[in-house]
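Here chain A shows up in two complexes: once beside chain B, once beside chain C.
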Partner chain A sequence: MTGPLHIERRLDTPKWLKVAVPFASILLAAIIVAILLAATGHNPFSTYHQMYSASVTADGALTSTFVYATPMLFTGLCAAFAFRMRTWNIGGEGQLYMGAVGASAVGLVLGDWPRPLLIIAMVIGGALAGMLWACIPALLRAYLRTNEILTSLMLNYVAGFFMYYLIYDSSSYWRDLTTPGASVFPTGKTLVANASWPGITIGTFTLPMGFILGVGLAVGLLVLIRSTRYGFEMRVMGDSPQAANYSGIRTKRKILSVMAISGGVAGIAGSSQIGDFGHVLDPRGLQQAQYGYTGIVVAALALYNPLAVVLVSLLIGGLTSAGFALEGPSFPTGLVGTMEGIILFTVLGGEILARYRIGLRHRAVTPASAGANFGTEVAP
Partner chain B sequence: MTDSALDAGGDQAAQVAGPHQASGSSASAPGAMPGALAVQAVDMTKRFPGVVANDHVSFEAAEGEVHALLGENGAGKTTLCNLLMGLYRPDEGKLSISGRAVRFHSPKDAQDAGIFMVHQHLRLVDSMTVAENVVLGWSKPRRLRFSPRKVEKAVAEAAERFQMPVDPKARIWQLSLGERQRVEILKALYRGAKILILDEPTTVLTPQEAEQLFSSVRDMAADGRTVIFISHKLPEVLAVADRVTILRQGRSITTVPTAGTDAEHLAGLMVGREVSLEATAKGSEEPGPVVLELAGVSARGDLGTEALKTVTFDVRAGEILGIAGVAGNGQRELAEVITGLRGTTAGEIRIGGTRLPMGDPRAAIDLGIAYVPEDRMGTGISPNLSIAENLMLKSYRGKTMRSGPVLSNRKANANAREMIKRFDVRAPGPRTLVRQLSGGNIQKVLLARELSSEPRVVVAASPTRGLDVGATQYVRQVLVETAQHGVAVLMVSEDLDEIFELSDRIAVFYNGKVVGIVPAAGANRQQIGLMMAGAA
Partner chain C sequence: MNSNIVIAVLVSAIGFGTPLVLAGLGELLAERSGVLNLGVEGMMLMGAVTAFFVSQKTHGPTALVLLLAVLASMVAGSAMALIHAVLSITIRVNQIVSGLAVTIFAGIIGLSSYLGQVWNIGGVAGHHQFNGIDLFGLQNLPIVGPIIFSEDAFVYASWVLVLAVLYYLYRTRPGLYLRAVGENPAAADAMGINVTAYRYVHTLIGGALAGLGGAYFTLALAPIWTDGLTAGFGWIAIALVIFAFWRPDLLVLGAYLFGIFSALGPTLETRGITVLPSEFYSALPFLMTVIALAAASTSWANRRVGTPASLGIPYTREEG
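Here is the complex of A and B:
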């Protein structure tokens, strides 16, 4: 009755294994996808080479990778930070929208400010808008004990509709009503040139300012979690809310502030979308990109570690960018999604399996006795 | 009162042992073991990072024997069971079952060899029926179709055959803890258990249920099965077992037949020194000024009903006030109200004259109230954090654990090392997760944190529940010393012996009210008992 494998729980996973498993998992995912490619009549090696070129080496490919990675970095941090305390903020998507709304408002209103001040104001404007939006599910969770997964998720749709309303169904401040074309195809007002964020350009490659800001935030959040009283309280809360209450931690305020920070980070994703890339509030584009939801995947792959979020956002950003660049008959749209799914599966699976010791069972022939099946190695 | 006879760590133990032993283990005299060897463990060794959990442990049990494994928390009983059950693999040593050497790779292997374990925390699916639980995951013989009626019939037959009366159609959540345990045992027997390991089986049982269990255990042994009975309670070991193997600090000290021994002797072997099961010395003679004052305090319970009704009493510095009462009469709510975890609906609590704000745990901590909660793992400890982190659970806000704005690992570890030494916590080091410690050591970590904060009031709820003789003695000693240093101690306990042993005054709770406060010296047990039952 016993299978060929035996599985035993590890008492503690050695450190090298914790680091090695995610990389091995990604490698395994690559092998699985290669088999999939070969089975559908593609040459896996040339496909991988194409993808590498389309996300790194080709003209503008690396820039494009960073364009996709930047919002995912923020939304990944948003999810990773909240999830650390087992506060399940699924609302990064809506907080990003609201951040974009806030940042574009700031950019439009304060268009005549000096550039550095205007950019800082946009970052803050987006962060504040995201924070406020995240405070709705946070307040409901802290004071009425509603489930923040549901409320934050549903508020994503509300934020989406709100954005649509601003541009398509109203004469709001954000909507461009001046040009004749704009009344047929509604668009948002384009921000002044001063409001576009500077990037660092080396040759053909441009590193967006948002990405640098994101890396700084990742480091900051890591320090906050690892070595401050605030982070200590988060760890206690995440492990045992009762123990947190018992030890005098203000648990309701904690939920509020963690959700607010998480939402603020997602809000900056919205600022960066406006300042770094779009320069206009584009509801359709933001909704199609779904960076908020991808951020949850990024956080999960990074095992909620802010620094790992930086690397993972680049990986997923590169995949997405290559997917768009290569899209066509020989490279179907679904392939990138499939790859992301398989990577997620292997990394999370690997993370769980790393907690066990797994090996082949040695079966030795035992003299049959009264129906007892020992199924085990018998010492001489 | 629960467990009055069985849980007694006190002098009662010796008295209880006599009669039980006569009726319980008369079947087997030492040296006349019935049947062949069922389990033989030789030099079993299991090392964990930093500790040797089992150090050359040896014991053997015959067919038809009830063999007790006795030891303090952390003595290696659980590790030994996990070795027997194939959950761990031994680093050294040999295990033979029915004279045949085996090496288990998983619990499945152990079960195939006829070894089953009933865990302390039962592993049943609440929403399923008894019959479904009994056959759950048991794929022998493998059948595609699952017929509830057939299974129920088979389980009913088994229940009758093994004299384990349970209704196979009942759902687990409808059953009492004693009945649930019976289902676990039935499950093992149904699956052909030859060797049954019971891990601290009486922890969750009432005294009557425990008696029933003991008689089932004797029946199973009479049937030729081997029962390995793990416990740290001396009276029940003496009552049910034929022989006892004593474990201490990971080593098997000796195996003795229960017939020729008594509780004092076993306690001595278990702790490794002479143990007097006499009372600990009381608190200081002259209590100081009033420190904790409750005036007409009322509060609601979890279900919204009134759990505390205009409770008024005070506790003086250097005094231990024992709260006696049957569980569920407002004691938990009382402790929570004083420690700020629960809001009040009326009345006032004062600490040294200062009014305690309602429902604010941090204010209570800042006013010098330490709390040893009943629910250690759930409330008092963050199980997945380290010892060092748990020790700073209340002091992290102060300056002692920081360098600048950043929490200092070095300071936390230094503090932890000092506490581990001072409170005799047995652990590999400050970074060990509290979850991995034994019950007694967890309680020591908790006490270390609470008592080292220089409190003015200590609220201790069932501080020795589930602890072994050594740890119990230690905890009681620490509480008495704390009172002697001028701290007001409020101790809630369901164990009347403990109340009598430690308290200066006893307040009896019934139905959310204080029915009476009497000095412990010269208090009448009968009288207290009647008050607890609401009859006086």
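Here is the complex of A and C:
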């Protein structure tokens, strides 16, 4: 290629570089965001200080960070798991909606069940709903080779409108039709107290049950990818679908099962939204939160490692939480997505650059030295 | 069904179809060079917000203000495309991830929303907008008059653009080279074509056209800015390229077909016809996209598809 830069793949990346690059990337992102803030008339230092306080040190800030991190943990795992096999499930958003629809249905129907059983049923209900929704793009991908990126994404919009229909435009089972105010401002039926998931409270801090469940899932998925035949086959398919086919891996089933697991995990995000936090199906709230799309950011920043997803979900959860706490003239809403995007750019770019050696073109091997090497090799 | 309603739907379909034509053509050019750009939705939003900002804050004759707004939207769109190009062409980040990153960066909770707030342009009606032109004085012809001969300058420009792209792709040498780069970059490189330059240029043009598609929303369709107002049109534009088999002529047909799907709900609603819930009509374009994508991947269609062979694959001469 033309241009003065010379880029070649490193044979192996030194350990210090693997650690240093992500940190340098995030630092670079912070500098770019600071420039953007300064350019639009905000003081970057005070903004950063406010953000740290609003996501970590202020009263209830840490609890709030975990509230936002919990759904992102699930949707991050949803994306990370599927992307690992280069199956691009962008449908976490819609699978989360359907999970919320499923889990709230279970919570409403089985309201008189004992609490532990009811909670388990809600998790399963959400997971199944998310799974079934993910099976549409999965079946099309497996049997017709239809591009799953676009079909899974389109179904996000469809699931969103479906949710709106249930609450705002029909007399569905989910909608509250008895409370006097509900005919003016349509809302969903609130679940019984038994259906709310228990959290662990230490002082003023509350750890939601969903987050613990998500960490468990992350460990499970890591083991599945790293140490099982299933995960090995996934990685082979990701690297070379042709090799997978020749080696007898049943690729269609694999696509179906990976997408189903991925959709199921996003579905549990919906369960947790109902069980941990909302206790009611709230289409507008779920749609504005954009947790499904944020999950893609989380997965990419975690380089598709399920355990790293846990940490990154807390980072982005904190960022989002600070965004909502500070929302106002000095901190416009769009700043959160802008920051996420900039961090993504620097981390993605940095990760690739760590794998390449970059030099100026004139440092390339000259014919003379190549000849010298050749000479030493043929010497007896 | 009443013929008035059919005409009303078709008139409205041209409106909804135009941003799809523009963004779709842009995506088509980028994909023909081998670059998949999933950032279209974000680029459209950036085009929409900058165009509206310029049209609100500059003073002068309407035609000049609109021209400046249109140019600004193209600059904004290609600025986003430049990020995607640097990441995916030069640094070789996976194109899918890079494109998604651009959409998240620029999208509904990202930079377009941020700029909308910093510039303080949300929720107010636009001062300037493109209005219908009575082309050749044929506006009053039955049926074709309202549909074809009374559109705004933006729509006529998009039709010219379609012809230009068709001519460029199939009748010029750079168009031939572009297709060569998309099909076999190594062979194109050996011929002396600068693969990297072709990919950069067409990705940037793609971004500019996506920005233009966004500008159509805020300058013609409904001159107001709200966060995320393109509402998934960028994604439909990407899908259109696939089931138009990467051909500009089919892309236009597809865009207006999806214009009809989008126009159906609003048109019926304003006439008080509520047979099906409004959510069904809102979901219709997205459902139809899934169906069309599935149909385009059946074995009948597969024999006719012209997917550029190198689509999504970074090109590098120095590695095998």
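In the analysis below, the second predicted complex is superposed on the first by the 340 of 380 C-alpha atoms of A that agree within 3 Å, B and C clash if a C-alpha of one lies under 4 Å from a C-alpha of the other, contacts with A are read in each partner's own complex, and residues count from 1 in each chain.
The rule we apply is simple: a contact is a pair of C-beta atoms (placed from the backbone, for glycine too) under 8 Å apart; a residue touches a chain by one contact, two chains touch by 3 or more.
Computed from a predicted structure; not experimentally measured.
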{"item": "First (chain B), second (chain C), both or neither touched by A:247", "value": "first"}
{"item": "In the superposition, chain B vs chain C on chain A residues touched", "value": "C"}
{"item": "Intersection of the chain A residues that touch chain B with those that touch chain C", "value": "1-2, 7-9"}
{"item": "In the complex, chain B residues that touch chain A", "value": "48-49, 87-89, 94, 100-106, 108-109, 112-114, 139-140, 339, 341, 361-362, 364-366, 371, 373, 375, 378-385, 389, 392-394, 396-397, 402, 405-407, 436"}
{"item": "For the chain A and chain B complex, residues of the former touching the latter", "value": "1-2, 6-9, 11-12, 227-229, 231-232, 235-236, 239-240, 242-250, 361, 369, 372-379"}
{"item": "For the chain C and chain A complex, residues of the former touching the latter", "value": "38, 83, 87, 91-93, 96-98, 100-102, 104-118, 194-197, 227, 232, 235-236, 238-239, 242, 277-280, 282-283, 286-287, 289-290, 293-294, 296-298, 316-319"}
{"item": "Contacting residues of chain A [partner chain C, same complex]", "value": "1-3, 7-9, 40-41, 83, 88, 90, 136, 140, 144-147, 149-151, 153-155, 157-158, 161-162, 164-165, 169-170, 290, 293-294, 296-297, 300, 332-338, 340-342, 344-345, 348-349, 352-353"}
